[in-house]
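Since the structure comes first, as structure tokens, the remarks are kept for the end.
In this document, chain identifiers A, B, C, D, E and F correspond to the written order of the chains, with residue numbering beginning at 1 in each.
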Amino acid sequence: MPSKPAFRFKRLLLTGAAGGLGRELRRRLKPYCIALRLSDIDPLGEAGAGEECVQTDLADKAAVHAMLEGVDAVVHLGGVSTEQPWEPILSANIVGAYNLYEGARKHGIKRVFFASSNHVTGFYRQDQVIDADTPPRPDGLYGLSKAFGEDLARLYFDRYGIETVVARIGSSFPEPKNRRMLSTWMSYDDLEHLVVASLTAPVVGWSVVYGISDNSSAFYDNRKARHLGFRPRDNSDVYRHALEEAEPQVDLDDPASLYQGGAFVRTGPFE
Amino acid sequence: MPSKPAFRFKRLLLTGAAGGLGRELRRRLKPYCIALRLSDIDPLGEAGAGEECVQTDLADKAAVHAMLEGVDAVVHLGGVSTEQPWEPILSANIVGAYNLYEGARKHGIKRVFFASSNHVTGFYRQDQVIDADTPPRPDGLYGLSKAFGEDLARLYFDRYGIETVVARIGSSFPEPKNRRMLSTWMSYDDLEHLVVASLTAPVVGWSVVYGISDNSSAFYDNRKARHLGFRPRDNSDVYRHALEEAEPQVDLDDPASLYQGGAFVRTGPFE
Amino acid sequence: MPSKPAFRFKRLLLTGAAGGLGRELRRRLKPYCIALRLSDIDPLGEAGAGEECVQTDLADKAAVHAMLEGVDAVVHLGGVSTEQPWEPILSANIVGAYNLYEGARKHGIKRVFFASSNHVTGFYRQDQVIDADTPPRPDGLYGLSKAFGEDLARLYFDRYGIETVVARIGSSFPEPKNRRMLSTWMSYDDLEHLVVASLTAPVVGWSVVYGISDNSSAFYDNRKARHLGFRPRDNSDVYRHALEEAEPQVDLDDPASLYQGGAFVRTGPFE
Amino acid sequence: MPSKPAFRFKRLLLTGAAGGLGRELRRRLKPYCIALRLSDIDPLGEAGAGEECVQTDLADKAAVHAMLEGVDAVVHLGGVSTEQPWEPILSANIVGAYNLYEGARKHGIKRVFFASSNHVTGFYRQDQVIDADTPPRPDGLYGLSKAFGEDLARLYFDRYGIETVVARIGSSFPEPKNRRMLSTWMSYDDLEHLVVASLTAPVVGWSVVYGISDNSSAFYDNRKARHLGFRPRDNSDVYRHALEEAEPQVDLDDPASLYQGGAFVRTGPFE
Amino acid sequence: MPSKPAFRFKRLLLTGAAGGLGRELRRRLKPYCIALRLSDIDPLGEAGAGEECVQTDLADKAAVHAMLEGVDAVVHLGGVSTEQPWEPILSANIVGAYNLYEGARKHGIKRVFFASSNHVTGFYRQDQVIDADTPPRPDGLYGLSKAFGEDLARLYFDRYGIETVVARIGSSFPEPKNRRMLSTWMSYDDLEHLVVASLTAPVVGWSVVYGISDNSSAFYDNRKARHLGFRPRDNSDVYRHALEEAEPQVDLDDPASLYQGGAFVRTGPFE
Amino acid sequence: MPSKPAFRFKRLLLTGAAGGLGRELRRRLKPYCIALRLSDIDPLGEAGAGEECVQTDLADKAAVHAMLEGVDAVVHLGGVSTEQPWEPILSANIVGAYNLYEGARKHGIKRVFFASSNHVTGFYRQDQVIDADTPPRPDGLYGLSKAFGEDLARLYFDRYGIETVVARIGSSFPEPKNRRMLSTWMSYDDLEHLVVASLTAPVVGWSVVYGISDNSSAFYDNRKARHLGFRPRDNSDVYRHALEEAEPQVDLDDPASLYQGGAFVRTGPFE
């Protein structure tokens, strides 16, 4: 494993820094930059050394533009990350993503790590192996909003040269929690590797990568993202025995068992 | 050419009925249904025989749901159809499309003709021939909003079985107006054929078709949409000589000449 | 249309000559050969001028081998052509096909027109457009037996150089009978063209072609078979208006409406 | 390596249990189930603890249906596994496979591991790398019969939801025996992993996987089967030096050296 | 058919103007330009009105550069167009093509019609249908030299923006001369259409098109070149009957019958 | 790692033996053969035990043919391996390659390792992952000449059965020298493995493989070359930290940073 390159960025922005993955990355990304700016709609706690905390509603255009001033690169975890009603998703993930990219353009930011989701392609079956060119089949409003963000990022690359790594993150938790996550799990270490590789690779243009560990089972094929240099090191097999014991059978009549998106595919109806 | 099948629908809804294509289709679709409901944010004039006029802002959820009551199928031209600032596009094409599909779900509507646009893929070069599986590369906010609508339609098909024909319409005018339109032009007759084929085909699921006439030159390959039965009959070659005379050279240093989206690719910057 | 090339074959064998398509081709193929040998398990009537009638059970190896003696090329329509129980399909279409190719090998026959069926791929949806490389998804035992025959033909080409055109025939009748057949119909004239092109093309190796007329709507893409020179001339649109009137709606909850194979997909269960 | 999940199945059926691979799997699969039913046309010896021995001719429909009673899942190695004349292959591999799937349907069995073979695609050259979607090119009657079984399994999945992992097994022996097997070899340990992964994966639908170890050289690409979670651990390189010494040159004029199927491609002619 | 656009080019260069196709195009291209410069290694006869004759050896760099002065666009037929020994092919087609593109770069020429050949892909079988992305398989030194020219053209596009239409011309003669040419024939009228479309299309980048008429049988699929606007109008079927009568059987043991390149595949050995 | 198979070849020819890679392979290939013939246009020093030194200009046909006498297989590194003017490239890499293959044909040589280059595809962007079927986009005259050699090799395989492994070598040096080489680097050990695998694999036909180590980041996908048995063992990550420190930012406005070919893409203009 390569040592951490210190001080690659003068100021890195991490949005969604108060969420689950955000708290984890707040700690992990600090060594890669001089200043780590943290943003969330929720309180961020005390700013540590080299940290800058800016509580921001992504739907607030002026605030978002301010948040982006002086930033070199963005790790965008912000917004809604679960299936929710239309209004909050519209506000945080659609309007919010637009505000973010418009702000990035205005401030000359050239690289974004965009935390997209496996739910962009959640309506593929679990016996299909998909790759970066597989068309979106969102499994709900959340996945739909992330598909929007992906297309938005492509537009800002084609128009303005802002590079984005679209990371369709699987299930990033300390451990996989159920049988589906044996395929979709990404450890925090591998999440860190993915973020760092995405920010560091010399040329990324608009690239799609699935964010999973080196699990023996998976629905995803990352060969088209090999230029990123992301090589995961963890494997969910460590947890396989226990999870298979706990859930020996799945019910294929339940869409949540059949489709890649799991339980997201049967939330709603939307309101 | 097959005769027109009369009365296939009890009540067909045409949104955007006061726009350029809307006025044309208002006249042409009437024979295919008993009642033709017309909707637009702009005034629709007097309702003719068998017509129902409901002036509707697509961003108004309640109004949209009311508009959909008792409808069998929808021809959705409504919303913004040019490059515009974010706010009106967000309102009409993103919120509006969501309201439309949610309303369709509530009222049990099973088939939608969704007027998408060549601007969903406007950042491909004019020397590339693309097809239904080519990933979106929107050329602006308008194209981006249509890409959103396409993904939304896929979600409503995967979740709720509402079928949509996504028609990436080229340039539908009485005549092609410039050299690019020799490739993208669709006559009004062929537009009518496309709408009728899309509403009539027994199974469409979620299908993508490019809306152009049988032009000798084109950037699009429709072979994956052959199940729709759309066979265009007009050809822009009738206008080729005059348009080539009028514009003998194109400037390939101008993105508007190079990319499929034409002048849309260099609008903005967005605000 | 090219004139008919007379006497291309000294002796052409037509199996299944007493069936629906067989009777049609019996009449049509005579001009292309000096002797037309006719075979069927059912009586073939009086042999006309230049005809040779040999009533043959395809499951009878010795009889099949005798039937092939002195033959230049085979048009193989014989065997079961509807969904039936396992035993007759096994006998006529699996054992029968094996006997046919073994006999062809022994007698040095170099070209076979193999009447396969759209039911080899009947479990694709009607909104999918498939081509010669799409993997089989048979819709019943009949389709399964034809998939076997296709693989058998490939083996005999790879091993022994016997060339076969695998023609996945849609619905060859005087007229299309229902809405699905607007997509799958092949006129008798086009069937004749397909058979003649398949027997005449200089090199066919092992080729797959879908046997349909030039219908505006179709589930099939024949571009990989262009070397055969099959260019259909009829179009089911002549019958479209009447069939759409007669059957204005299809029920997508019925697999027979949803899948390409139509009613075949819900026959059985097998016994 | 994950521990073995105990008692996943109440009663697992292993056909072909008296053959080479069968004897190996008899021993290895016992820990995964409460009862292991064993079947073969040949004698199976004494039933051990938790074993049930039912000597069965696969061509005997009633016997096959009886054999399947009370079974949760099937590992189907039974039938002919070498190139043989048509009659035994027809009986064991075609009629036998049909009897097996019909019985599975009647008894509500939902998962089958179908031991297919590299001979389904044996007529590809050894310098071609093929994958799960590569069309069959059987190299003989045995490969042809396995192609039939694969299509049969697909039909039973599409019709009745019976899931099958089609495993195109390479050369499963204690050691590779010749240079070709450096590419096609699968160790018994990896065979066990493949069977267990195939039976355990939550969703398999109808999946194709090539059964080889993690050999440095191979003709197969398994990326489309990654959802199965099969990750082989052995590598034929251990044996490479000795086998290359023993057979330093291959004769490319010999089809057995040129094609993936090896010596199978030049057996026959069939009778 | 569109009228001929007059005077699109001030000065068009036609190389190889004394050859078979050259003489034909000399006459046909004149109306499209003010000055038509003609070049060949052989005498060109008297210059007609609006013609400029410059006898040029393509291997002579200075002469080639002089020939290109003042030119807007090039139709490059020059060089060897049959299978010949290495030296003349090297000189005219490799060194000559290099001289041409270097000269074009120096003189700011932006568009080339490059007469390539079906012999670039002549080692595909006649039962394969290939397209613009199919890798080269040249059938001799001539085809090899044309593959070189194609790659050279791509380099000059990627480096210097010089656009080229690579036209893999089939068999352009007044009439097809043998059965293979039923597939490869291009009429002179269609050749003219192809040249004009290639020079006129607004954006061509580096495009590959197969130069054949609208023959019913063909080995080529031009759907990826639809942006060029080439729609052939002639069909070799007019000559089919006579040619099939004259050559009723082809010998598949002869590579000249089996491969697309015809007799070229068995010329040589090279010296 | 397998032991080295001794004496696989009686006489192996290494061209370009005085160059950087040549000197390395001279030492490494000796154990695999009885006689190692060495060739270069430059002096080769004293012949060691089992070595034969033949100073040869590849452009000299007679000398090349003499050099090939008695040879079993060729490792062809000879010729120009950097961007240079047209004349030396033409002479060494085009004429030279032709002389080599013609000589190979005359002397019955059946296997060539052809050192091609990543510069054959140097005009792809560094965010694209390409494979063996990706069409050439040479980045200069050197890459163009290697594309010629690849097509030449294919011709000699299709015509005469001479097998070639086309190895598009990345950057083979003791260590990667810059950030681009983190993706393109191949260690000398892995180069040796690649050469040996290419010469040893039983069937190679005409195969393309990218010559890189097992780097975490890469632009290349070698899955279609898995039949060769090349499994690299080194990884540029060892050098990543230092190289990223030394060159923290790349300038994407510089084509040398953007394209796979690196600085080669902006050499010239050619003369």
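Please note the rule applied: a contact is a pair of C-beta atoms (placed from the backbone, for glycine too) under 8 Å apart; a residue touches a chain by one contact, two chains touch by 3 or more.
Please read all numbers here as calculations on a predicted model, not as lab measurements.
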If you take the chains that touch chain A and keep only those that also touch chain F, what is left? D
Taking shared numbers over all numbers used, above half giving same and below half different, the chain B and chain E interface sides are different
Rounding to the nearest 5 degrees, give the angle of the rotation that lays the CA atoms of chain E over those of chain F. 180
Between A-B and B-C, the pair joined by more C-beta contacts: A-B
How big is the gap, in whole Å, between where the Cα atoms of chain D centre and where those of chain F centre? 40
Approximately how many whole Å separate the CA-defined centres of chain C and chain F? 51
Would you kindly tell me how far, in whole Å, the mean C-alpha position of chain D lies from that of chain C? 32
Among chain A residues, those touching two or more other chains are 223
Which of line, ring, star, complete or other matches the graph of chains that touch? other
All chain pairs that touch each other: A-B, A-D, A-F, B-C, B-E, C-D, C-E, D-F, E-F
Inside the complex, what are the residues of chain D that reach chain F? 125-129, 179-180, 182-183, 215-221, 223, 237, 240-241, 244-245, 248, 250, 252, 257-258
Listed in rising order, the residues of chain D that touch chain A in the complex are 1-3, 5, 8, 110, 161, 163, 197, 200-207, 223-231
Quick one: in the complex, what on chain A touches chain B? 86, 90, 94-95, 98, 102, 105, 123, 133, 135-141, 143-144, 147-148, 151-152, 154-155, 158-160, 265, 268-271
